[in-house]
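Sharing a structure with you now.
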Amino acid sequence: MDATFFMNVISAGLLTGLVYGLMALGLSVIFGVMRVVNFAHGDMMVVAMYATYLLYTKLGLQPLAALPLVAGALFVFGYVLQRVLINRFLGVTEHIQFLLLLSVAIIITNVVLMVFGPDARNIQLDASFESYSLGPLVLDKVRVIAAVGAGCVAALLWAFFRYTTTGTAIRACADNPVGARVVGLDVEKLYAVTFGVGSACVGAAGCLLLLLVDVHPHLSSDYTLLGFIIVILGGLGSLGGALLGGVLVGLSEALSGVLIAPSLKTMFSFGLLILVLLLRPQGILGKKP
Amino acid sequence: MSDHTQNPSTSKGINRRQFATTVAAGALVTAGGLPIRSARAATPLKLGVLLPRSGHLALIGQACQRGIDVGMPILRDMGYSIELMNADTESNPDVGRTQAEKLIREGAHMLLGCFDSATTLAVAGVAEQKGIPHVVNIGSEPKITEQGFKYVFRNFPSAPTLGRQGLMLYKDMFAASGVTPKTAVLLHINDSFGMGMLGGINALMPKLDLPFTIVETIGYDPKARDLSIEVAKAKAAKADFTMVVTRLNDAILLVREMVKQQVETMGITTPGSPGMYEKQFFKALGKYAEFCTTNVPWFDPKQEVGNQLIHAFEKAFPEESCDINVSFSFEAALIAADAHKRAGSTDPQALTEALRTTNITKRANLGGAITFDAKGQNVNLPSAVVQNLGGKPTVVLPSQSAEAKLAFPMPGFKNRT
Amino acid sequence: MSGPMLSVENLGKSFRGLRAVNAVEFQVPRGDIVALIGPNGAGKTTTFNLIAGAFPPSDGRVTLDGADITGLDQARICRAGIGRTFQIVKPFAGLTVEENVMVGALRHDGGDVEKARKAANDILDLLELGDKALQPAQTLTLPDRKRLEVAKALATRPKLLLLDEVMAGLRPVECDRMVAILTGLNKEHGLTILLIEHVMRAVMALSDHVVVLHHGEKIAEGTPAEVTSHPKVLECYLGEDHG
Amino acid sequence: MTAANLLSDRRAILLLGLLAALAAAPLAAGDYALSILITVLLQAYLGMAWNVMMGFAGQFSLGHALYVGLGAYAGGALFAHFGTPPLVGALAGMVVSAVAGSIIGTLGFRFKVMGVYFALLTIAFAEFTRVLFDHWNWVGASSGLFLPVSHSVNDDFWNLRGSATMFYYVILGMAAAAFLFSRALLGRRIGYYWQAIREDQDAADALGIDVFRAKMVAVIISASMTSLGGLFIAFYNNNLYPESIFSMHRSIELMLGTIIGGIGTLFGPILGAVALTALGEALTVIGAHIGIDGVKQIAYGVCLMVILAFRPGGLWPWLRHRLRLDGGRR
């Protein structure tokens, strides 16, 4: 195994990791602000993937063009879900919240199963089989597209929190919900927006991920778990942390797959998670609770 | 979920998308004159069908169910009398067990199922306790017939047998093409089926005196989301040809990744796993699905029953692929029906005795007559080499059943149009 | 055995460079009631927490009944003989009042539940909570919760009781009841008490000795009468009023 | 509240009646009903085991499948390889699970990994172990482990080979024992300590309770109890696959009944298991009439949501109140 080989593997891991990171961003945003752990995360992403699939097959819309639509739709879904359901459960204990979102997940998975059937679906772009060659380095074209897309969405998100009034208000809410209420912020609405934004991130990630993997209804729980690993690695609530965690998981999967055994690579992700939980429970970039 | 279906084609194993086609199938059955025939039989066989129609194996479970449903009119035309009692195992052995017990309580004379080995074993345990015969449609775990069960009959090769037969066919492939590669890289899924096959392959490679050696073995997690690393590793092995043991989704991922990473080998072959012959594989990969070869038991295109089944299936489910899930599930129902006819009763003991002496020559799949050895295993299930040619799986070996000529080495991905 | 029940020497604590408590020294004589007073942010609760082991001191020494307990954790210090209440009450909301108190008592008598129940009921009677023993703790009113705090701490059979603002939020009548109860505990059971209090009438009525903290340092100590006329104390309290 | 009325008379009578009915069940019930009852009792048993850790001591574990798997594999592998009697295997499984539990507990509690993070730590360990077992050839790796099936007609209790009726009585015994054990635990010092920690760890600490030790005891007891359930699954199913025995799905299923029934209560896990199984069976029947696969799961999700919305404390505290069994608090 030569250096080129490792470079190829590492670059593939990095690119996939960025998309993972985007997916985890949604989870991180929601937890960071509302302290709600969204166990229906993977399911929401699967819905986004199917939506992208439908837009492509029925309307011929390319995933990148579909991205704003899907993200928008997921935003509305998240907003409504928070308003109608989750808002009632904000103060309750963790396990009840967990079960609530679990039941949302069960419902979503099975509705998807009923509508689309259990088969795996994928979209076939011309780019799906193409790759860029940079000297000895072979970069998978769709992987590059997906990673760049993920980077752009993450940058947008960062700008949203940094430069818009709503974004700033949400950050204030996250730091001190009571204080936010005192100064007259509509916390309920901000929470709903947050859930919407988190969902939109997942939607965008689903859109991009469909370029790389095939979607089927039972994909969801794997991605929920993966999302958790990533945000905990990076630090729940930290945007940069989620991206960093995604890249770390992408890399660890890639390298452990090459160096040890590919079928053991998920074990390494979990191993990494255990290590981080013990050494730095708040995550690599997380703030102390 | 047990339902005594008088009209056997109204399977519960459908989703909305398939509903229309299922209705069409129902119409087909009614046209076959069902009420008259079933009235003629004294006591029809109540056959409890246990398949994973929901849960993570739903795709295959529903395919199996379609095979049985479509096959019912054919069986009636052959003069058999069956009543189906369908139950969903939800891809969960525990559910399979309770559903089996429920079916037996509700009067099932025989059980059929259950595709996945874990559930099959659980159900076989129930059947054994109750003394109810159980015909396994698909399930490659060797233990199913090695446990010493007396009421279990399997018309499907175990994973090691599949592997052995598949490996032996490589010699024929090389002989037919006149090209003999020296090295292979093996990519396999790390689940119970993949490990079973791997065990068979590793044990047999030295014994079979094959002209090539496996230079690298790469296992991957069944939950793998992308296989870029695995394929990169395979590429680095620089082998002459590629051998894979897959399921469906990973087969697609694998080949797509090979195209992307420009892994050009003489061929992508499997000694006996599903995946590459399925319609989804063709749909997903298009021209890149071409020339992949699979060594599995297959339809005999020269057999009348097989042809009948394909035609009925394509008429009822034009969207779906008529694969070995369909044909082996159908054959399992055929075996059950045949035993019932010969036994002349629905007594479990009589049915079991009849199953033991099964000898069916008019079958759907390749191979000689269906018979069972003392363990209840059909040992007469040869594999064929099936190559993807012109957008469909085509038998290329053995030559007496061949529909086309084997293409090996295959054309490179770059040169395909 | 003679000597003070509690002795605090040169106690200090820094939080990230911020000096919260500095060189505090005082003693709590056996059988006495000592009050720790001072304006808000004077470091009273921090001093309390250092004594009770909620976090370790940066420097200094704490001795209980002659034994060095500096830097021990909360549970060990409790077992050494200090019972404490929390300023923000912490009842075990899902348990009954009786069970709340039993938890503290169970460390004694080999964990015998019936003995602990008996002990708990005795303490509850003492604190006039006996009739509410079987109510869930979450149904109690604030004054009752304050008393429950004291009951829980008492159940651990402490040599020294640390009370953190048990009078805060009580009406004058309730406050007087609490004073009477604490006086009873001190006089009849010989319990040594160290308390933080803002309610001056309670401090005047209860304490034998008062320690005044300001900006994390001891500025005065003496009898209640001495302390209230101490110029430094007046200054800091007046300054507080003006600020 | 005295020991005598910890269980009021009416409740004692109700419980004894229930036990008697369950003991007599095999006389009347067919094999199907019996297998359903086994499912219920198994779920109740595992729910009670999980309840010790979460319901009593307030430590949220989402990875209890780990202990199920370890118990199942310890007993199953020893039996399959050496013919070791299940009772010895049970002991081995309990020891292994207790060790695993104390490792997770030590790491989690010492490093102050709490709440959701602790739950995720437990998932991580379960998944880690699943992949590990997928590659461990001695236990069959991902091909699975198979227990030899006996063909003797008679029930062989010492080797746990036999009829459904025998397995039924085994799990009934286990469930009854777990119930009594849970009750005894709650009535003892450790039970009070656990509840105090569950309600407010800091306050419990201030009362001199060795919080770390108490939590460790909870994890170890819960893990050992759970592993016994795993052993039962191994011998009842006769085959084991890491993918299913260690799955997160199993962890979730295991706690669902307890949460629905009433977390922290003695009878909650039992009621929850009954309710969930009844719901599942009812939905199967209804689903069969509607004729579309997946309806069952959707309805299941909706029911779950409704229960959470209206009875967040679980069904038992509410039902107990309706039945006027409120004599004791639990």
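As written, the chains take the letters A, B, C and D, and residue 1 is the first residue of each chain.
Throughout what follows, a residue touches a chain if its C-beta (ideal position, glycine included) is under 8 Å from a C-beta of that chain, and two chains touch if they have at least 3 such contacts.
These figures come from a predicted structure and were not determined experimentally.
Peer 1: If you average the C-alpha positions per chain, which one ends up nearest the average over all of them?
Peer 2: That would be D.
Peer 1: If you take the mean of the Cα atoms for each chain, which one ends up farthest from subunit A?
Peer 2: C
Peer 1: Can you compute the centre-to-centre distance for subunit B and subunit D, using the mean CA position of each chain? Integer Å is fine.
Peer 2: Roughly 37 Å separates the two chain centres.
Peer 1: What whole-number Å value describes the gap between the mean CA coordinates of subunit B and subunit C?
Peer 2: 76
Peer 1: If you average the CA atoms of subunit A and of subunit C, how many Å lie between those two points?
Peer 2: 50
Peer 1: Among the residues of subunit C, which ones contact at least 2 other chains?
Peer 2: Expected reply: no residues.
Peer 1: If a residue has to touch 2 or more other chains to count, which residues of subunit A qualify?
Peer 2: Subunit A, residues with two or more chain partners: 113-114, 261, 263-264, 266.
Peer 1: Where in subunit B do residues touch two or more other chains at once?
Peer 2: Those would be 15-16, 54, 58, 190, 221.
Peer 1: Which of line, ring, star, complete and other names the graph you get from chains that touch?
Peer 2: Graph shape, chains as nodes and touching pairs as edges: none of the named types, so other.
Peer 1: With touch defined as at the top, which chains are paired up in contact here?
Peer 2: The list of touching pairs comes to A-B, A-D, B-D, C-D.
Peer 1: For subunit D, which residues are in contact with subunit C within the complex?
Peer 2: So the residues of subunit D touching subunit C come out as 1-3, 187-189, 192-193, 195-196, 198-200, 202-211, 264, 329.
Peer 1: List the residues on subunit B that touch subunit A in their complex, please.
Peer 2: Within the complex, subunit B contacts subunit A at residues 15-18, 54-56, 58-59, 62, 190, 218-221, 223-230, 232-233, 236, 248-249, 252-253, 256, 259-262, 280, 284, 286, 288, 413.
Peer 1: Over in the complex, which subunit D residues touch subunit A? Could you list them?
Peer 2: 54, 60, 62, 107, 111-113, 115-117, 119-121, 123-125, 127-128, 131-132, 134-135, 248-249, 252, 255-256, 259, 263, 292-295, 297-298, 300-302, 304-305, 308-309, 312
Peer 1: Inside the complex, what are the residues of subunit C that reach subunit D?
Peer 2: Its residues touching subunit D are 52, 54, 73-76, 78-79, 83-84, 86, 90-96, 98-100, 102-104, 106-107, 111, 113-114, 116-117, 134, 136, 152-153, 155-156.
Peer 1: Which stretch or stretches of subunit A touch subunit D in the complex?
Peer 2: 37, 85, 88-89, 92, 94-96, 98-100, 102-107, 109-111, 113-114, 221, 225, 228-229, 232, 261, 263-264, 266-267, 270-271, 273-274, 277-278, 281
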